[in-house]
């Protein structure tokens, strides 16, 4: 095995080691933290009960004025009322349900037919996904691995004559 | 290269050109049909690897010095190679930065360009790279006529590429640098690359002129090697820019 | 110079190709629906209106076709032309599949949108598109059935595209100005039976 | 007149003026031809400055040899010894001459930048605006930053050029012509950078963030162009250093027998070779945005200003390691000499330079904690930033270990080296609070950061830089600098600076924002500002003493041709000033470089001695 390949494999080994360590620490910390926005996207149902339209006509609130989601959630609106209801891009015929995917983070105010205010607030938060945690582990693990790798060259030299500055 | 005959080396060069052509064709086909960016990102890497090894002879960097005398030509040649490669590494950071900017700003969209022209200039640059390699090999075996011939072809193809990008594409593009983001990215990327091509053309022209005056020999032709390696580098950069500008993603609305 | 790298490169290429097409096959096998699905599908309100040619048209005439219904008016300057443009794009992209679909524009402004007007308007887009109008009395129930609020000047307040399947059921809605790719992909998937 | 023209520098400047004028003319002509309004100050200035710098490099003759080669002629290194002192004012291929040229340019730039600092320091001595307009203040403040940075880059190049070939036992750098070229690129670059004052200045700070820099006066273009050109020079010279250190080492000089300074230079060059391209690119992109309306960083066109910050800091953070690594190397060089003890943990120190450089590439994000990056990603950046403290700590440990129970003597170079350690320690210890997200969000953009930064720069660069000048002055001139004046310089500068930076951090903690021309008197920092101003002027006074000392010693200084510090380093084994081609007889490395005080240990053995 030539010196170059020895060096490369040595560095690779330590970089991987560093990333693994970083990932471990990051995951443990993450679990302890118990982040709320870190759940997987799921289908959340919003039921419009019977008789909503009448109540709304009288200006009563039937449903909460809004709701919080994470990116990727599917909002499924079930219409148990007797008339067609609408929410933003959704049209829900009586007794049926319609759904929309929330794939953009941000706060939206959709016009709707089941609120006296004619508007329903939807807040979509960026979920703390595994991908981002992986990114973080890489960002922390790379330097760690490099550090361990270069110092390993001092602790355990590759070969007697090998510490050329190209290393 | 000494241990293999010239014809076999040239044959290999042709083989590599074929491989590159196939890869480019596949790239184009994927872009037209399924357009999966991961594939379009990997294929240039393969192409670059081929060129690094077969055309730019990267392994020469790691050959141990046969001659330890500091003043000997062989030793200086190796030092020059190192210097050139260091420069290429540094230069590749500019292009890397441009790629990062393009990814950050445009994501999976691309400017509206002439596909035919894009493919054409790519092929032109590819073939020029082949002839550049041919020129270097011929020189290494001391065949001056063939060297001059191949270098002339390389040079003219390089000029053709410049005309294609700056002379035609820039004029026909339906946007200017200030129109939109895609325009800005397109002009800055092609601009930087075209500038490098331009310098490469000048470099090749100088080498050609000095070659005509018989200044290079089979033993001493560093200038030829340098110009050719630089030229290949420019080609490799285009391997990445071509899909980034013409193929990946959907058109900007 | 050894040829190993060349061989490796070619092998890599093969791998990339396999991966690519495997991936695309998987994607096409599991299509994602971009419209907002209505489940279970509801029988779409069956209307009977007058087309731009003056003939009477029922929704039931289009059994066996996917029908895209859009409420708009010819004097509309912003959303309607854009949406019709999108629908035209979709129609062209569908190519041969297009004749298994029908685009219908139901006016929200019967006062001004005579059949002639509608015909002139739709001729800007595609001959196969159909524009329907009628008297206010006939249109009112249609609008309410599809949850369309119409202001006095004939402007629709909330407007969607409605997708009716060959059985005459309302299966999905699309927000206006949604990107044409989604609708086209959905229809392609539906028509190719996926 | 003809004699004057024969001086390279004058010739170059004349050509630069010519080129600038020509450039402006050409551009205006082109605009006329394609039917635009003929006069556009901005593009004219940029094109003129660009052409001007090219003409300078051509006029002074830095590219003559390449042109000859291109024309197919042979080139030889002429015998320069005949030129005498004039060598320093024209193109010379001798790395020692180039090193000294770099050194002088660096001193000039730092004096200029420092005087800017003095001006606005005086302005800040009291609340309200005394004698500067806001624009003037901003321009001086921004230029102080960038002129100093360019000055430091040039100074780093100075010692890398002067020392690396000597320490390696090489005849010259690997590419002498490239070396000269990269120096003579730095001169017009500096001129362009300073010329920004004449073109309305700019108010962006040295970071030049868009969208601010996209709206600033034309001066900012000169700033961008100057820095880009200086960057080119740095890239080429670092390329040269790497090639030299990898190819031209004396026989027997294996990796772990390299002088620490060379390790530091290698690490430094590694950074500036690669990362510098990105600051150049980011600046050029803003230039294009201003010139051609490209919308890279213009949100109105969908651009992304944060992208600039990423590109910018990807260089500008590693850049601070470019500044300090050679300085730290110099400290490691001097301590064993004056403590008469081996350098403690040589291998660890050597590797640490590399570790710092490599990790430095991955920490740029910590400059953007406050500028909207994904919250979760701040943590790894914080971690990697704190990781940099490890190799730095290794260096400190080695210094202490070296001094421990050493027979320490205190000539001026040693004083400066020790001051460097102390001040750099101050800077180092104030680093973690800035690296930690929770505290940084409060400290960012305050004088605390400024104080931290000045501590690291002075401790990591300025003090070692002076130490090096006092140490190698005999090598350069054959005379040693006056000790007494040197001590005066030291005792003026070191305490004053420590007071300065400490007070600076205090005001920062009290809420003093950086980069502002005026502050609220109710902050109760006015007295602190007075103290800072006084301290600042004391530092300047010290440097004045140094300059006088340097000029005096050059002519009348005590002659020192031998190994006055009794160092083991090869360059001291031959007579001072250095012979024209360094070593008449090549040497061989037979032992460890820093085994001071060990009986019978030898580092270099000259062939003749066999």
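Letters are used for the chains, namely A, B, C and D, taken in the order the chains are written, and counting of residues starts over at 1 for each.
Keep in mind that, in the parts below, contacts are C-beta pairs under 8 Å (C-beta built on N, C-alpha and C of every residue); 3 or more make two chains touch, one makes a residue touch a chain.
These figures come from a predicted structure and were not determined experimentally.
Averaged C-alpha coordinates give centres for chain B and chain D that are 35 Å from one another. Note: centroid distance chain A to chain D, computed from Cα atoms, is 44 Å. In this assembly, the C-alpha centroid of chain B lies 47 Å from the C-alpha centroid of chain C. A separation of 41 Å divides the Cα centre of chain A from that of chain B.
Residue positions 246 of chain D each touch two or more of the other chains. Taken chain by chain, the contacts form a single closed ring in which each chain touches exactly two others. Every pair of chains that touch is listed here: A-C, A-D, B-C, B-D. Residues of chain B touching chain C in their complex: 1, 4, 9, 12, 15-16, 19, 22-23, 26, 30, 34, 36, 38-39, 42-43, 46, 49-50, 53-54, 250. Within the complex, the chain A residues that touch chain C are 84-86, 88-100, 111, 113. Contact residues of chain D toward chain B in the complex are 69-70, 72, 171, 174-175, 178, 235, 239-240, 242-243, 246-248, 273-278, 280-282, 285, 288-289, 292-296, 301-304, 307, 310-311. If you check the complex, the residues on chain C that touch chain B are 1, 3, 5-6, 9-10, 12-13, 16-17, 19-21, 23-24, 181. Across the complex, chain C meets chain A through its residues 36-42, 144-147, 158, 160, 162, 170, 173-175, 178.
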